[in-house]
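As written, the chains take the letters A, B, C, D and E, and residue 1 is the first residue of each chain.
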Amino acid sequence: MSLPIDMIILSLVVVSGIAAISVKDLLGAAIVFSAYSFLMCLSWAVMGAVDVAFTEATVGAGVSTVFCVAAVFHTTRRTKD
Amino acid sequence: MDIIYSAKPLIAILVSLFVIPILISSRSDNTREAWTFVAAILKFIIIASMAPLVLKGAQIQFTLFEVMPHLAIKLKVDSFGLLFALVSSPLWIITSVYSIGYMRTLKEHSQTRYYCYFAMSLSATIGVAFSANLLTLYLFYEMLSFATYPLVTHHQDQEARSSGRKYLLYILGSSIAFVLPAMLFIYIKTGTFEFVPQGFMAGHFTHGTLLVLLLMFVFGFAKAGIMPFHSWLPAAMVAPTPVSALLHAVAVVKVGVFCVARVITGVFGTKLLLSTDLNTVVCYIASFTIIAASLIALSQDGLKRRLAFSTIGQLSYIVLGVALLSPLAVTGGILHIAMHAFGKITLFFCAGAIFAASGIKNISDMVGIGKRMPITMTCFLIGSLSVIGLPPCGGFISKWYLVLGTLEAGKMFFLFVLLVSSLLNAAYFLPIVYRAFFCTDEESMFENTVNEVPTWCLVPLCITASISVILFFFPQPFLKLAHMTAQTLIGG
Amino acid sequence: MENLIHMIGAKFNYIAYIILMMIGLYALIAKNNLVKKIIGMSIFQTSIILFYVSTAYKTGKAIPIVEHGHGAHSVIHATDYINPLPHVLMLTAIVVSVATLGVALALAIKVYRQYGTLEEDDINSQIRIQAGK
Amino acid sequence: MVQQLPALLIIVPLLTALVVAMASWISPRLCLPLTFSGLALSLAASIGVLMEVIAHGPVTYTMGGWNAPMGIVYVIDYLSSPILVVITSVAILNLISARKSVEESFPGKTGAFYSLYILFTTGMIGIVATGDAFNLYVLLEIAALTGYSLIGLGNDRAPLASLNYLFIGTIGASFYLLGVGYLYIATGTLNMADLARFMPQMADNSMVLFAFIICMTGLFIKMALFPMHGWLPNAYSFSSTAATGVIAPLTTKVMIYAMIRVGLYVFTPAYIFNTLHMSKAIVWVAIAAIVMGSLLALAQKSLLKMLTYIIVAEVGYMVGGFFLGNRMGITGATLHIINDAAMTLCLFMAAGAISYKLKDDSFASMKGLFRKMPVTMIGFGAGALAVIGIPPTCGFFSKWYLITGGMEAGQYGFVAALLFSSLVNAVLFFRIFEIAHFEPFADPHDHHHHGHSETVNEAPLSMVVPLLVVAAALIVLGIYSGDIVTKIIQSAIPAGIV
Amino acid sequence: MKITGLVTVIICGALLIFYAMDFPDFGDGTSPASTYLSPYFIEHTIEDANVPNIVTTVLADYRGYDTMYETTVVFTAGLACFFLLRRKESQNPPARFYRHTPTGITLRIEEGGKLPAEGSKVFMRIDSLWAPDSLIIKNTCRLVIAFIQLFALYVVAHGHHSPGGGFQGGVLLGSSIILFAISNDLRRSIKRFNEKTSAILGALGVLLYAGTGFLCLLLGAHFLNYKALAPIFRSTAAMARSHGILCVEIGVAFAVMAVMIWIYYNLSSAGKHDEGL
């Protein structure tokens, strides 16, 4: 049986995942994606995968976001979808 | 039967391939042509040196390598193959002489390429002749298709291009679409490809399948020019005349016929075909081609096109002879490979000589040419007689055997076909000769400026014409070889 | 009904991973913007990581670090610890995903440099115009 | 030393790649010799392993000294050893051939190119040699990432093509990873041999079924089987020829190898051919791939695009051959991996030489090429004949096995598709020969097209020599295909398959 | 496209969920995945390598070969970004911006104009989209960076006993530099940690990993079998493995740090290395 907190976090993950691909601003999408990664990292920490969670926190929520922002900075923020 | 293992067949095949690099790198035209001669003569010597052994009843074999388990690229020289090789290799020498005259007179371009591919074609031809199994046969068959393509399209103009397309489409298309699947199917069912005197198909197939397979081979080897897969041959006549002469009267088309004959005798086997009576189907197809081609030939005005249709008809004689499967008919058919080769090559040489000397291609423009080019036209007459099958020319002997064969097989219909077609042959050849010689001065279409072609061209056609005559009196060793072949294949 | 709820409860993580994966796949198929697609791709990859991590979990067991590393210690029981193998595999997968992300963004920047837009349909129409010329 | 060969085979190129990457910042001139020597050593090692396998049977190498299933093992057996030789030799030949165009197309980045090039080769070698299902994924990603970047730096349209390739490739690899995850849940192991050991008792486990579907889908996407082929033509034709020269011959082929490996040695033939009833359907997909690939190739107007669609068709050959499920078909598919790699290499190297000289690969620009670049065209012709399947080139023999397999399995549709595609290939290549053969058509409208004709001549020796080597190899492979089959491939196919 | 996508996704999802119902329950400790291989790892980690963090042992030893390629993947990504994006500044020199520090005047110097001397105290080169330095951000970051780096080193060194290891530490180290580059500007960051360093360090890190493995091979054991290093470390086989793991973790940390910085440099300046975020 899943833990209640796990379920809550995962639901938030799903919500932020949907948000990340539907926000109409790429910089916003990058930041929401960062939140997504962070929530994901939390959920893994809850599941006892500390090493994975640590990595996701540094890589997913940290560096990936910087990369995304850097790329958006050099291209454009606007998008039609 | 003795089996001798020797690399001679391989050397005979490769000798013309080895000469290609030398041809490419040679600086002057003379060295290039000298090397062509060296290769051609060497080839002939090697092949001729095998003749005594084969005539004694031995067989020469050579296995190159196993490409698949129990399936090798293998060469074998038997009487049938040797006969074919003995016809093609000396003709290469003669054609080379003729080529030099023709190409130089017309100042053709890309002569080096021309000689290279010519040498390659001859390799493939001899390869077909010496193949010991269906796979090897197919290999060389395809090699020949590719090697002749640049020759057919030698002129590189729009006409050559479309003819080249047609040529490849027919030859390659039919072999990939018909022969290859048929081969595979046979291989799966029987597990062998080796040509053996009574075939290896018996007991593996139903009657219907046999018929389909047989037809796939007969039509698939489109080089044999069986109708309706014949129209590449007239199209291929755009090639320079020496090419038409050697390849499209001897090497390429005879390869097609040779393949059909090999398959009928070595794969299907006489007994099987006779017992199922499938050979009659092939006979009818061949007869149709004989008559139809002769009728079409009558209506052609281009000399080379007329010769092409004549060739189509004559090829079917050979197929008919082999398919009748009676010993005399087979002898006749096989002998016809040789006899027709010498006759037809003479005719092509003459056509080329006329073109080189006067630039005329059409028969209707040739009134009176005999007076300007008497030697050429005399040879033309001899060639015509040989193809029609009248003495004193070699063609008579082979036709005689064919006629006897039909009687022996008891199929009068085909006798009738042979006679009618001979009449037709006469009808499309003799008027040319007649009009060339017998006309008044007013009718003659030629100025005094037109003269005999250079010696380089003239000598070869005289040689072939005289060989045609000599073969009537001394048909050996071809007759012996044809007899031996018929004996081993049919067992009669 | 209760059965179903129990079932969903027991497989909630797996369902979540599938939903996330489908979100990622949807973004890859249907989104027009290249950066959105890249984000979708990352979501797609993380969903698989979630799946692996979920398989490793054992209710109420310790994280895969042995207590009292040095010195004498009692016998270690495998059943007391969460399965470490999927974690290891997923470390690799995370690193692969960030590497892919980097390369993808680099390519997106190059595409932008070329066409001045990140919308795929705009790019395609530009290509068509060029080809028509 | 012999027992270390499997490790050296892959570690040497890896170390070389790193050293080259460093050398490019210190002394760029060292890059090429280093790359060459690294790949040469790897080639030597792969030949050594092949000899070892032929002499003494499969070689196993445990990484880190941990035996399977705990650690990762390398299993080099009859199936993988010939492919390893193919990979290393393709890489080294293309390296020689690409040298000139690398210097021209990537000024200042040659070191990075060479490093990525070796890493790509390393990834390919690893995929083939590994005996661990997860390790395969990691190496897949290395090969893929290097592939994306090598492709991404081509002409104007290359980045977008590469990005699309990246998306699709990532989906494919992720599917494979997911499939491995399903297998892991079902069995608890990642070692291929160990997984195969569990298979008999898993016959009706739905997770294994799903793992099979998803693994194969992933690999099909990666190898560009027909409905999933969309990424391939653009990716291969817009990139630089130096990169495609190695990517095109290897990527799809190695993916097919992975499919055969996973099919035969993870899911076991008994499972995929007997328990599941999917192979017929997959053969039909392959037939569609062959037919559509050939037809689409007909519609192309430039050389590289045409070649890419031929690859799509060739993928159909091998997938179809494998899923025929009989000895002949699988032999044909395996043999065709080797042959097709050689054929594709030959064609792409010739195309590379042509576009290096012409700066253009449309058919219209190839007029009269036979005269200007005769040797290149001879090499191209050899490749073309092999693709059409004319004996004695190797293409004929693998096609032979495939057709025989198709007939034995009663899949006449497959046989017909193979023959059809041979015919179409003949048409395709003769169209090119015709254009290249007859330069001056007696066509008055054509005169202004001959602008380049004076400047174009034969490609440099560094391109021509490897090309001729490959062209000769096509014939040698054909001649020795009997030996290859009996000595190597027959032993690679499990005994259960008839 | 949207509709197609949605339909595909829903069908796939439904199929996947349907099959997911056959999975072992979440948190079930008795599935084959938990009972076949992993018990060996858990029970032997101390005995084999003397490393309490099982993930580290499996990562760097049992499946160390995977991890080597994982590091290679990172390195590949760095190399790929460089290969794809990097272009020389001189190809298209844009206008440069300078700030006259005493007066706060911004100068725009077109191509070909006379540039102030490099390292001039009076003129400071600024980005085209420049906001005046925020003292708070600059100083906070300066403070934080040191702690991040210290923590990163701890994570690397203490990976045997606690969560973390080369990757996490490497990323942290890398992000500390990235933070510096963001809070100041790219040029200053490049001056301290330039491209060549990052490229060479990245390769060197992976080389350290592969080299450790290769050393084992040279010492006669199999590749990456750290046991062979025991004579060098003068320790037992288990401790040799532990040290070997540390070696490769340090390699990973170097590689990941350098590559993350390298990728950042290329992405944030679109390959020009002049103006960052």
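What we mean here is this: a contact is a pair of C-beta atoms (placed from the backbone, for glycine too) under 8 Å apart; a residue touches a chain by one contact, two chains touch by 3 or more.
Quick caveat, the model's predicted, so the values are computed rather than measured.
Shared contact partners of chain B and chain E comprise D. Under the contact definition stated at the top, the chains bordering both chain A and chain C are E.
Each step here moves to a touching chain, and the least such steps from chain C to chain E number 1. The most central chain, judged by the distance from its Cα centroid to the centroid of all protein Cα atoms shown, is D.
The chain pair C-D and the chain pair D-E differ in C-beta contact count, and the higher one is D-E. For this pair, chain D with chain E, the centres built from the Cα atoms lie 32 Å apart. Averaging Cα coordinates per chain places chain A and chain B 78 Å apart.
The centroid of the Cα atoms in chain B and the matching centroid in chain D are 43 Å apart. Averaging Cα coordinates per chain places chain A and chain E 19 Å apart.
For chain E, the set of residues that touch two or more other chains comprises 23-27, 31, 33-34, 37-38, 40-41, 53, 55, 59, 63, 66, 69-70, 73, 76-77, 80-81, 84, 163, 167, 263, 267, 270.
Contact with two or more other chains is made by residues 134, 138, 141, 145, 148-149, 152, 159, 184-185, 190 of chain D.
Looking at chain C, residues 10, 12-13, 19, 25-26, 32, 54-57, 59, 61, 63-65, 85-87, 89, 91-92, 95-96, 98-100, 102-103, 105-110 sit in touch with two or more other chains. In summary, the structure contains touching chain pairs A-C, A-E, B-D, C-D, C-E, D-E.
For chain E in complex with chain C, the residues that touch the partner chain are 1-2, 4-6, 8-10, 12-13, 16-17, 20-21, 23-29, 31, 33-34, 37-43, 45-46, 50-55, 58-59, 63, 66-67, 69-71, 73-74, 76-78, 80-81, 84-85, 160-163, 167, 256, 263, 266-267, 270-271.
Those residues of chain A that touch chain C in the complex are listed here as 1-2, 6-7, 10-11, 13-14, 17-18, 20-21, 26, 29-30, 33, 36-37, 40, 43-44, 47-52, 55-56, 59-60, 63-64, 67-68, 70-72, 74-76, 79-81.
Contact residues of chain E toward chain D in the complex are 19, 22-24, 31-38, 40-41, 61-66, 68-70, 72-73, 75-77, 79-84, 86, 88, 196, 199-200, 202-204, 206-207, 210-211, 213-214, 217, 221-227.
Across the complex, chain C meets chain A through its residues 6, 9-10, 12-13, 16, 19-20, 23-24, 26-27, 31-33, 35-36, 38-40, 42-43, 46, 49-50, 53-54, 56-57, 59, 61-65, 82, 86-87, 90-91, 94-95, 97-98, 101-102, 105-106, 108-109, 112, 117-119. The touching residues of chain C, counted against chain E in their complex, run 7, 10-15, 18-19, 21-22, 25-26, 29-30, 32, 54-61, 63-69, 73, 76-79, 81, 83-89, 91-92, 95-96, 98-100, 102-103, 105-107, 109-110, 113.
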